[in-house]
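Given below, in the form of structure tokens, are the structures.
One chain, chain A, appears in both complexes that follow, with chain B as partner in the first and chain C in the second.
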Partner chain A sequence: MKKLIIVIFSILILYGCDYIEINNLVIISGMLIDYKDNNYYITSQIIENENETKIKVYKTKGVSIEECLTELSKLSNKDLFISHLKVIILTESTIKNKNDYQDYFLRDSKSKMNFYVYYVDDKYKDEVLNIYKDNKGSALYIKDLMEFNNKIFSSSTPLSFLDLIYKQKEYGIDEIYPNLVVKENNGEKVLYLQNIIGFNQNKEKIILDDKDGIFYNMITNNIQKTSINIPCDNKDFTISLNDIKTSYKWNNNIFNINVKTNGKLSSYECSYNLDSVNSTKKISSIVNTFIKRNINDIVKISVNNKIDFIGIGNYIYRHDTDYFNFKNNNWNNKLDKIKIKVNVDTTITSIGEMRK
Partner chain B sequence: MNIINELYNSKEHMPDLQIKEVYFGMNKIFVINIQSVSSSEQSNNFILNYLSDRSLFKNEIFSSLKKDICNYIPSISFIEIKESDVFNYLFNGFTILIYKNEIIAFETKALLDRSISEPSSEPTIKGPKDSFNENYNTNIGLIRKRIKDKNLYMNELTLGSKTNTKICIMYMNDIVDKDLLNDTINKIKEIKTDKILDTYYIKELINHENKSIFPTIKSTEKPDTIAKSLTEGKICILSENSNNVLIIPTFFVDYFYNDEDNYQKSFFTYFVKYIRILALYITIFAPAIYLSLTTYDQQMLPTDLLINFSLQRSNVPFPAIVELLILMITFEILYEADALTPTSRGTSLSILGALVLGDAAVSAGIVSPIMVIVVALTAISSIFFSYQDFQSFIRLYRYLIMILSCILGMIGILFGFIFLITNLCSIKSFGKPFLITFSPIIHKNKKELIKNGLLTQNTNKGDI
Partner chain C sequence: MKNEKINSFGLSSLICSLCSAPFYGIFSSYTLHSSRNATPISLIIGFVISIIISYFILQFFKTNKNTNFSSKLKNIFNNFSYFLIIPTLACSLFGYILLTYRLTTFLSSQYLIETPKYILLISILLLTFYVANKGIETITRVSTISLYISIIIFLFDFFSLLPQVNFQNFLPIIDVSLNSIIISSIIFAFYFTIPIIHINIISMNQIVDKEKFNKYYYLTILIAFIMIFLSMSTTIGILGINTSNLFDYPLYTTLKRIKLFSFLDSLENISIMLWILYIINASSTMLSFVFSSLKDTFKLSIKKSKIINILILLISFAIPNFIFFNNNYNESYEYIWLPFSLLVFMFIVIIITLIKNRLTNN
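So, the complex of A and B:
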């Protein structure tokens, strides 16, 4: 009996920790973090549920993220709920200043850290969270946008918060951000994923366009399939690539990037007769050459701009720690001294229907 | 004889006691019965007719009434009894004949019981639809006709100083666990009470070792269930004037077993058993999980669902726990009222319940629609377990885990779950672990497991 009383008493003391009613919460779905003059400017998109779902956007200012969010809580008159944060959008100044904005999200116990990070240009930063207020809000739309793009087009690459932390803390790899733009189509403003943006150690902006994005995703194993248009003679053909597997090898100071994939012809306008085996081999060779050239272009961008977004340094660090002193020296300066060899092997598995 | 004077004295406060004197010359035979429990028709047709024939045509002095009855009264069971047993036999519907020093009791019981009908608390779709009634011999007969084996043993006892109720302990002698049997018989013999009106009285009195609320003795109205239990080495206890028969021992897995399972394909039986286990989880944990997800662990909900729940609860003035308690208590009241309501009024009660718990409460903004769904799901899942005692355990744990979830969220539910499992593991049903086949696992031939479902009883030598 005594034990039971002690147990019940202990339980009652614990009562109320973290208790909060669901309708006393305001759900933050998206956040834009800007940094200027030693102040954070945070634009937050929140979902309020009183009789109907309302999307609201608030702008707050403070010396820290905590201060900005406290101000937001006062404006909305409810407790903030950060566990359902879907997107964080960073501006150029936030990234360039290398502030420790991540610290707040890493410390907060309610933060699930399963949101994605995007980049937005200054000219769009005021609009990005204000579009789609009638539906579930821009933040949820952006999440769907990325999922769709990754599945169908593969030109953009998602950057999760934890990936960002990894790339920032790890040696030999730099982060690049998917870029959000606002486009106008038929008088209507639409959110759009375009290009991939990175910043090198000199704070210079590096842009990978959509085409480069596909090949970047290919060599970093971010996609399993994609579709590319390849010119041949004066026409071109489209090939769907499946089971894309990229492997790296560091051997005798040569960094090998090996890409292996299967291809299926989805449209064909070239002059080669597909009946013969030689033609299929030629097509395969054209594909290999094209992919290799494009991958080499990306490698060149990485090397010339001294930004290792492929992760060559990270691979070498993990497999040959003695090769370079990553801790005390800047790897990006060494990048141009590495020999990088690209091998592509495409197997054409299907040439599709042949029409006479 | 003193008994005759005693009987005449009793007439004052027993108006249904009939004492008739039949003369044979100088000899007198007393015919005594209690009108309310004995059949006048049988008494008239067999006994009085015989006596009047004898007095009219023969009028001779017979040396032994018993010998004479053997020669002249066909097919009626009778027994010679002592003076001290007279009242007992009278109360049991017997007609007593007293001649000189001989006291003969004839069985002329009136039919005060209802006929064999369908079971009221255990509905069946397939399988036999007969059930026990309040007649002791009928009940035994229903079991006997299913088990035609000389190893079906019966141990008869009388309990209750005022009621003198006959109790029968039934078992299969070749397969029952003898230790269990002796233990059960000793426990029943130790019962000192003035009344046994139903088998539930016995259940409460012999189940000392089980201090928890989990029922370790099951009762049933169905003879086929009893027959199956007996062939599995279990012991069954019948009582006079009771249509429920007890099964000893009962384990946790037995509550997931239904007689309908015997009459369906094993694949479907397996599927339904898993549905029952799922229903048990839902009925105990669903309200607590909902409470915890809306008050402590909102991060576990997907965003769309969170927005939906938040919208639904926006107009509700009460905290989630109060809202849940309102609905649960209303449901409990309806549940109990339904059990006591005559069938004729049941429809109006159902409509009232649907209106109160459904539309009206939501429209008035007292509760949210999602809460009504949770409570309804909980209630529907509990219907799977129609056995009253098992329902009590479910209800208690449901409320306990709700309170824990209100205090500690998911951690509280986990505590509750651990407490429940620990409690279950610690219970013994007549010396055997209550969670048998789960803990300890009985390694049986796979074929037998599939054939018998989860419950495994060794029908070879009562080794549970």
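So, the complex of A and C:
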């Protein structure tokens, strides 16, 4: 009997002083953080549960994130619940001028840090969280958008919050952000992932378009498969690449990017007849050249703009610490002095159902 | 102390809790901070030192097999033993206070933010007091079950996180001075092994299958080490050392990365059961050790013993409010040396007991 009393007493006090009804919680699913004139402007997408689930969007202003969220709590008359946060969207101003917005999310114990970070241009910032308000909300839609892109197109690259912190803390690697835009199609506005955006040390914006995005993901091992169109004799063919593996090697002061992949022809309009081994080898060689050229273009963007989003410096730091004093010098200024060699090896495993 | 019979496996499962309790959520952040990428190396060196220290502790346990800790020291040192027993018990009590208070701050900072810390502290103290009063036989039964649960939880966590490990994060393997690695190894060895001294709450003769004890003793030390080693290495592999050092509980932050079937998350809330079980088991053992040693040393009656036990509980509640500041950084890094010096003292007691026993026998 004594034990039963102890157990019941323990259960009753198990939640301490932290019990809050779910109806009294404001669940933040997405946040857009803008920074101007020493103030944060936060647009929050919240999920309210009263008689029914409703998506609402509020804008608040404050000198800190905490102040903005306190204002949000006052506006909605409820306690905030930040553990369900799925996306934070940053504007150019926030990225360039106020990197310590991260402190709030790192320090707050309720923050799970499992959300993703996006970039949005100023012209879309007022729309991006408002678009799917009557549906499940933009934040959840963006999460599905990225998953779908990753699975099928791989033109964008997800950036989780912890990955962002990792890249900012490690030597020789710079973060780049997936870019959200709002597109109008047949009178309807939709959210769209277009391009990847980075900022170099001079705060200049660097853009990788969708095609560059595919090859960026290839060399950073962010995709397992993709499809690319390759020109040949004024026509082109499509090849599906899978089992894409990229490795780096730092040897004799040359940085090697080695890409190995298998390919399957999806469509073919070129003049080479495919029923000979030589033709398959020729196709393989064309694919290798095409991929190599595109990867070299990515490398040029990185080198010319002094932004190491590939992580060349990070690899060299880990394998040859004495090569460069990463602690006291700026690696991005050294980037153009590195010899970078790209090697691509594509094995055509299948030419499809047709034999020619 | 009533004549309790314990089996080797039960006592050894307690060793796993005693070894691991100082690390999960407590000194792991210090180890990552001081030895950085060389943490795996410093853990391995620390483990080698631990094996040596644990050998001495086992020899101490085997000295005068029909006596427990206080009786052992009394037989060897006579009246001088009081100058060894009382400081040792004070060290154990401090260890108990440190573990329970650190668990309180963890639960308070992560889960029950609005709840005053003293409420959590009282709950934990009452729980450990209750378990400690039940005796070592109950504690070993609890720790046996805890061992199985903790292994299952650990294996689940490890294999869930393994695909996220980036082996490049372990490079460069050594990015601190040799001094830092050695200091970190020694600190690890002492925190890992000295708590095992609390198995002297019973005499070796109380173990029903004592011939198996050696085997289980080293086996559980090995299991505890493997779990700590893999946990810390996984943390470095996933977060990288620079990101790990941002957090007060880097292992817990790593556990937040576990996600199953793309919708099951927050599984870290189940995984921390492992930490809580270890800390409760270890702190109950330490408290039970203090209670029984005091009773044996001063030959206290049951009534007086109960009064002293309650006084000790009150002291355990009062001391954290005076000694420990409300600052996790201080608790993680600044208070490493005070407990370490107490652990060194306990080790010295073991060594001089062994030496004196050998000299007496010769």
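One rule holds for everything that comes next: the second predicted complex is superposed on the first by the 337 of 356 C-alpha atoms of A that agree within 3 Å, B and C clash if a C-alpha of one lies under 4 Å from a C-alpha of the other, contacts with A are read in each partner's own complex, and residues count from 1 in each chain.
The criterion applied here is as follows: a residue touches a chain if its C-beta (ideal position, glycine included) is under 8 Å from a C-beta of that chain, and two chains touch if they have at least 3 such contacts.
What you see is a predicted model; the values in this text were computed from it and never measured.
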- Message: A:31 in the overlay: touching chain B, chain C, both, or neither? Say first, second, both or neither.
- Response: neither
- Task: With the two complexes superposed on chain A, say which partner A:51 touches: chain B (first), chain C (second), both, or neither.
- Result: first
- Query: Looking at the overlay, does A:112 come into contact with chain B only (first), chain C only (second), both, or neither?
  - Reply: both
- Message: If we overlay the two complexes on their shared chain A, which of chain B and chain C does A:120 touch? Say first, second, both or neither.
- Response: neither
- Touched partner set for A:257, first chain B, second chain C, both or neither: neither
- Message: By the touch definition at the top of the document, which applies to A:169: first (chain B), second (chain C), both, or neither?
- Response: second
- Contacts of A:319 with chain B and chain C, given as first, second, both or neither: second
- Message: Going by the contact rule set out at the top, does A:295 touch chain B (first), chain C (second), both, or neither?
- Response: neither
- Message: Per the definitions at the top, what is the overlap between the chain A residues touching chain B and those touching chain C?
- Response: 15, 18, 83, 110, 112
- Task: Give every residue of chain A touching chain B within the complex, in rising order.
- Result: 11-12, 14-15, 18-23, 25, 27, 29, 47, 49-53, 81, 83-84, 86, 110, 112, 136, 140
- Please name which positions on chain C make contact with chain A in the complex. 109-116, 119-120, 123, 168, 171-172, 175, 239-240, 242-243, 246-247, 253, 256-257, 259, 265-266
- Message: Show me the residue ranges of chain A that touch chain C in the complex, using the header's touch definition.
- Response: 10, 13, 15-18, 83, 106, 109-110, 112-114, 162, 165-166, 169-170, 314-315, 317-319, 321
- Task: Spell out the residues on chain B that touch chain A in their complex, using ranges where they run on.
- Result: 294-296, 298-299, 303-304, 306-307, 309-311, 313-316, 319-320, 404, 407-409
